[in-house]
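Note that the chains take the letters A, B and C in the order they are written out, and that residue 1 is the start of every chain.
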Amino acid sequence: MAASTKQESKAITLKGSAELVTEFFGYGINNILYQRGVYPSDSFKREQFYDLTLFVCDNKELQDYLSKVLQQIKDWLEENTLQRIVMVISEVDTDEVKERWQFDIQKETTGKTEDNKGETSKPPPPKSKKDIQREMRDVIRQITASVTFLPLLDGQCAFDLLAYTSRDQDIPECWEESQARIIANSQEVRLRSFSTTVHKVDTMVSYKGDD
Amino acid sequence: MKGNAVFFTRKRDGCRRILHTYDNNFSSNYDPQIHARLQEAEARLKTCHEHIETLELELNQKAEHASKERMKSDKLEVEINELRDKATKQNSKQNWKKLRAENAKLQEQLEVYEINKEQMHIRGYYDPTKTKIVLEEGGCSPEDVSLLSKLSPEAAPSVVKQVEDFKAQLSSAEMKNQRLKEVFKKKIQEFREACYALTGFKIDVIRDNQYRLQSMYAERSADDLLFESSTKGEMMLLATDFSSQLADQIETYLSRYNSIPAFLSSITLELFNRQTQTIVIKLIHMNSTELDEHQLAQILEKNQRTRNVRKIESLTAEQKNEDDDEITFEEAAIFLRGAGIIKSKDIRYLPEDEREKLSREGTNQPITEEEQKNRIKEMTTKDASKHPDLLQVI
Amino acid sequence: MANEVEIEVNLNESGVSQSMNSRLLRGCIEYLLYQRQQLPIPYHELVRIVEDQEKLCDGLEAGLIERPLASRRSLNTEYKKAKKVYEDVECLFDHINKLFLSTIVKSAMVLLGSTPVSPKERYFVKFPVAKEVNTADSSARVCNSACRKLIRSLISNQELGSFKDISPTSMLVFIQANRSSDVEWFRPKPTFKPPHRGQSCKITVSTTSCSEQLAVSDPPDHSMDEWLWFQAPVIIRGTKTGQESVSSL
């Protein structure tokens, strides 16, 4: 975080942006796990962030897994090769996908990138870290409020994190290719977006309708 | 028509020429015959003229008609062209309309496609030529979040130990429980046996607050008494087949004196007495010829409840057995004599028919006390004075 | 008036019932409390926390559970605030339920801001017309399904999402019912006029059965006098939980 804090008054760097976006994913995923009851609610601790009370799971195994995946996500964000992150929630017994939380990542054309000389591209309108985090907070709020309309997940559920990368992206050994795990006859809701001026992230959810 | 006109004109000219020749040739020498021919020719010529004129008129008429027709056709042609123009215009307009409709439809489809594209996008579809989906192999599943593994690793050993402790405690408690059960069972059995020995009644609990009593001296295993304790703790006698035979005792001890112990005692005494007699009767009824003294002793041992047999010192074990081994009357008598219980002169041999009757009654139906007494008196002793015990019974 | 966001929600339910409308209003209030930054956690979480705490306190009082005094003290201020919101909202919901069961409510208005004259935000909810008060109650499933549809429409509305941030303030609730109806608890406000300031959102709820009749039954101006605004005598005050206290909440 230190790197981006220094940059706060100036335009955000690719690295700083990757860091913020990764952090958002961390809170977002933990929040979904809590709100959707994938992990028992007593395994969560409350944390104050983005002016919100957020829930972070203190299950060690989960946090080890998340930090591993998030580190990889951050690397890909810095390489600008990550197109999308999908959190798939499926029922353990039937393996049926119940919800798909999709985060689309776009490179902002106006964004200043470190490897780009940047002479031709205009500097992005300045956006403070606080502004960016406020946008992120609004998305998190929407995710949280979505519980009100999403159907109840009554069976024991598990989750997976899918990363959509460029076709020619080299992937580390411990990663493997996966299906998209799309829900048949789903209902979809597009939530809000946020932008760091380097990355733009759109959030949406598709879920198995209950009627 | 024109051809005709020319033809006639030529013919006319030809005729004229011929006439001239004739004129030239024959003017000088006028010949009436020729003149006639001339006139005839002239008439013919006139006819020809007339014909030509008609034909010319006709021709003109036809020409006029033709030009009219041509005009008409020109007009029609114009009209046709006009119509054709119109038609093509209309056609293109229709086409245009059709195209426009098609265009709108396509536009709509495009919109639907756009919406679908958006929907497909949200649903997670992607372009596999540009994108691939990857996930971390290990994954993470909340299934592992069972109660035990949810505890931190530091806490886990102590929990495991605790679980083991509890298990050990549980098994020792179970063992203790088992031992206690065994002890209780043994003690209860002892107690029951003691009760049986002391009171002469075997008491079973059938269900909550219902007790079944069976006398040591019962004649049949089915002869039992049922008691039920009320909520106040009062014991009530319930009807059984056996109790229905005890009207007297019930009347005397229960109804009048309200004493169950006295009632039971009277039954004990009654059955005890009856059994003593029964044994004797049984001995007398026996009809098998194969029995030695040893076998008889066994039977008597089994039936040692009779006072008579108690005198045989070797037969004291406490046993109850309903089995009726068979011995002959003679042998029984011999045994009894040998044992010094009954002297031969005390035994009166019944006539065959009477014996059969007794045998039938003895096995099939209960004999009333009075009858029994009479019969035994009859068949046993004449000189009772030497056997006061036996006589007492009889 | 600043440009108003209009949201139309068709519930696709055949029947309209007062219990459903009541559920929708409550759903709306819960949504606004969290989504418009009046609470740092969704209302249902707040309920859970308060109820858990109550149980814990009962346990403490009964001497069943021991807990260090220090952590109890740190709970106090934040917990009290949360509990106040919980009590106020529960009280309001309770009366909303009673109100909808006793009379026809045409519409409701939720204001965010310190005064009803110049609120920062204004939410006008127009309910589908129930023919009678005693329309058979909809099942809980139908009510929940309707509420889900409404919240979904609110959440996915981009314009509503672009409302400016707002700091914790007061929430005032008004309902519009017939002048002659027997309204308890809510106070009649004959002079109240919906304010024209601030960000505004109009939510029109309709159902398949009433969408046609809506236009017809919309009361003409002269009958507007029949309808009177009533204000809930409870004001819900938003809270922004302090940094350190929440973690112990």
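We take it that a contact is a pair of C-beta atoms (placed from the backbone, for glycine too) under 8 Å apart; a residue touches a chain by one contact, two chains touch by 3 or more.
A quick note: this is a predicted structure, and the numbers were derived from the prediction, not measured.
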item	value
Required steps from chain B to chain C (each step between touching chains, minimum)	2
Busiest interface, counted in C-beta pairs	A-B
Distance-maximising chain from chain C - centres being C-alpha averages	B
Chain centre separation (chain A, chain B; CA means) in Å	51
Computed distance of Cα centres, chain C from chain A, in Å	31
Of all residues in chain A, the ones touching two or more other chains	190
Overlap residues in chain B, where contacts from two or more other chains coincide	none
Complex contact set, residues of chain C against chain A	27, 30-31, 34-35, 37, 40-42, 44-45, 145, 147-149, 151-152, 155-156, 158, 161, 165, 240-241, 243-244, 246-247, 249
Contacting residues of chain A [partner chain B, same complex]	38-40, 43, 59-62, 65-66, 68-69, 72, 83-84, 86, 92, 100, 102, 104, 156-167, 169, 171, 174-183, 186, 188, 190, 204, 206
Footprint of chain C on chain A - complex, ascending	45-48, 51-53, 134, 138, 141-142, 144-149, 189-192, 211
Parts of chain B lying in touch with chain A, wherever the complex brings them together	118-119, 121-126, 128-145, 150, 152-153
